[in-house]
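Chain lettering (A, B and C) follows the sequence in which the chains are written, and residue indices restart at 1 in each chain.
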Amino acid sequence: MKIVVCIKQVPATHEVSIDPETKRLKRESVEAEVNPFDLYAIEEGLRLRERFGGEVVALSMGPPQAQWALREALSMGVDRGLLLSDKAFAGSDTWATSYALARAVETVGAVDLVLCGKQAIDGDTAQVGPGIAAHLGWPQATYVSHVQDAGAKHLTVTRMNEDGHDVVQIDLPAVLTVVKDINTPRVPKLRDCRTALRAEVAVLTADAVRAEPARIGLDGSPTRVVKINPPPPRGGKTLVLDGSPAETARRLVHELRMKSLV
Amino acid sequence: MQHHIDKKMFHIEILSPKQKSQKLEEDLASFADKYRRAFDAGHVICIPDNPMGNLAFQGIELIQELGLPVHGDQVSVHINTFHTKRDLDAMLTAACDLGISHMLVISGDGSPRLPKLTGKEVGYDVEAVTSVELLRYIRREYPGKFHIGVAFNPYEPQDHELEKMHRKVDAGAEFITTQPVIESHPAVESLWQFGLPVVIECWMSKKIHLLSECVGYEIPEDTPYDPVSNLQTLMAKYPKCGFYLAILGFKTQFPILKDVWK
Amino acid sequence: MHTPTETDRAQYRNVWVIAEHRDGKLKGVTFELLGAARRLADARQSEVWCVLLGSGVRALAGECIARQADVALVMDDPRLAEFVDELHADALTKLIEKHKPEIVVCGATARGRALIPRVAVLTNSGLTADCTGLDIDPETGVLLQTRPAFGGNIIATIKSVSHRPQMATVRPRVMAEPEPQTARKGRVISEPLPTAVQHAARMKVLQAITNTAEGIHLADADFIITGGRGLRGKKGFELLRRFAHLVGGAVGASRAAVDAGWIDYAHQVGQTGQTVQPKVYMACGVSGQIQHLVGMQSSDIIIAVNKDPNAPLMKLADFAVVGDVFEILPAMMDEIRRV
């Protein structure tokens, strides 16, 4: 099975903030890491390779420093890393990002399966996985929590939803987005990290994947982020309830019920 | 372990390089250098296990990969409960092979990124595996192989903490290492009842406010603090104890250690 | 490929809500979206259309109309009985191409977030994820979409100026649900499953399983009830579990409770545990060390129950309940069951 795992480099979240003066996102100084959800996709790719043989390729679109995300994937055991990097990709929204990634998957060629994380913790949209599937014209299953079985031409997987889960059979090639329940990602060993640091990471430009200029970057992005604000401050004051348990319960349950929260 | 104290050997904590380091080779060289210096000076090298949940390399793989010397007596690795059973056993076996004889067994800070031992894996019917179950597991599966210490936190409510300490001692703890103590702490005296060697942690960075997280109350950023004089105070106050030095400066502090404990 | 021109854009009218339903019942998020769509359509002087894709969904048309839809657009076909992403996306794409809505909104649910991104690519339109606010820019008539990103650390406003339709998924339980008005009149338009979409599905649903209880994830829960050292042991967490079960929530824990071995690490909230952002975060016997607070402070409503009125969490909370957890929780459970 030839598997491409899409990984995004993201800022380590808890440190992201808005500069109160410029109202812009402060992310320069912040450490970057592989999108945590993508570690599960990498791990699942490795496990599928262990079960069924084949190759796992990690693919990331981003600036040159996104190579560090690929090196992390390499240290976990993927066979090779591909960095899709070109100034022309700058400003891509999920439409353009998924288009570029789909082109890269086609460039890799003969791919059976694309694995994505559930969502990226910065953009938080969860749109890129289904977007890749649409651009490739492949079937998709999202929020996958278990891969039961694989045949030559299809996979049987469990996908989650708010009410429970479905067991579905999906033809290959396909795109899956995976959730945390699917596995526990391995922690790389020192030896493998050292090797990964020296490994070659191939860089692909927009031309190399034959991405049409009108479909990538800002020009290829239908959406525009027009404003970024800090979240509104926590509203209101603390209401202290120190009556009898019954009184307190009545008051609290009433408040929650007014907002349909119980 | 008592002989560490009798022979005036400091426990020196050396933080291992972080998993995500982009200058790994440099970090490894600096780690090896500190390790050898502490080793040659006859101290005990203590290597934490993903402290604060920050992913770092394991002490045992560092020793193996860098070919560092081990004298049965002079290395103490920390082992927490955030490992797969397979990795844990591999580490413990390697520790036996390398002749590492001391370890500090802790529940651990943990991180969502790390796997967690389950009760079933180590053979205990518990809600959560803590230092106690891990200790019992190591005693059961590797009898007589290690001298095992446990952690003590003077800043937690003491009835609770001492109750836990009884469990740790019942499980086979042979020494106790405390969280950092500033000048003195009444809770330390309650440890005498266990009749075990006690090692007191001394914070060797001037930035004492960094301790806020560990002591559980806010230490203002500009609080003046002289680590060496605190160490001397502790040594005078607790003459029967050993000392664990965290964040030791190898440029200026390390060379004077030999004059501090004479 | 070309970006639509002014004249192209002018052909797009009306606000569509993609209904979500299960076992023959509409989900609450559909009503919430209909309420929001009404506001947008009024501002654009256009209509609200509710799109029903599925098998046997014709029967739901009246309810959509009662909740503010002017038109129920129905594609009722047994082949749409199970949610097959590709099939549903292709079908919806055909509807959009034919009827040209100006705005399309859908719940930011597991299904919505699987379906709509696919449709956005196929229709070459912009899609904003997981919105918590939708407004019409009074000057340009463009849809202004606000959404949290970076795990709620920022709020972004996004628009899609040149492409149509403008699409958004909307977070459930943010918008108010309109009351049903049984006397409301509307039209029903039925469309067959287009032949172009009737290709053999490349995915089939073998089994659809509904969860019974438990198993609600901390990260997904709307209601989290957390216990700390004040719970005094495992028994306390049993009480929390019963409470969580009653309100359909999940159980969390502070580091102290996890270190005590009362509950598994998977439940830990805070710096070295999980970061959560539920609608209601109810902390019981949790003092609220800063390491805990960073993991939950962006929850919508924070309730703290503690004997100690000076605990840090009692200061942060919207409701600070001074009292014994073991009295307050049973009283609340009685009250919830009573009404």
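The criterion applied here is as follows: contacts are C-beta pairs under 8 Å (C-beta built on N, C-alpha and C of every residue); 3 or more make two chains touch, one makes a residue touch a chain.
In this text, all values refer to a predicted model and were calculated from it rather than measured experimentally.
By the count of C-beta pairs in contact, the leading chain pair is A-C. The innermost chain, defined by the distance from its C-alpha mean to the mean of all protein C-alpha atoms, is A.
Seen from the Cα centre of chain A, the chain whose own Cα centre is farthest off is B. Centre-to-centre separation between chain A and chain C, using Cα means, comes to 20 Å.
Our note on geometry: chain B versus chain C, Cα centroid distance of 46 Å, whole angstroms. Centroids of chain A and chain B (each the mean of its C-alpha atoms) stand 36 Å apart.
Residue positions 112 of chain B each touch two or more of the other chains. Looking at chain C, one finds that residues 271 touch two or more other chains.
Multi-chain contact residues of chain A, defined as those touching 2 or more other chains: none present.
Listing the residues of chain C that touch chain B in their complex gives 229, 234, 256, 258-266, 268, 271-274, 289-291. Interface residues of chain B, counted against chain C in their complex, comprise 52-53, 107, 109-112, 116, 126-128, 130, 132, 156-157, 160, 164, 213, 216.
In the complex of the two chains, the chain B residues touching chain A come out as 19-20, 22, 24-25, 55, 57-58, 61-62, 65, 84, 87, 112-115. The part of chain A that touches chain B in the complex is made up of residues 31, 33, 36, 39, 68, 72, 184-185, 187-191, 193-194, 197.
Those residues of chain C whose C-beta lies close enough to touch chain A in the complex are 1, 22, 82-83, 85-86, 89, 109-111, 113-115, 117-122, 124-130, 144, 147-163, 173, 202-211, 219-220, 222-223, 247, 271, 275, 279-280, 294, 297-298, 301, 303, 309, 314-324, 327-328, 330-332, 334-336, 339.
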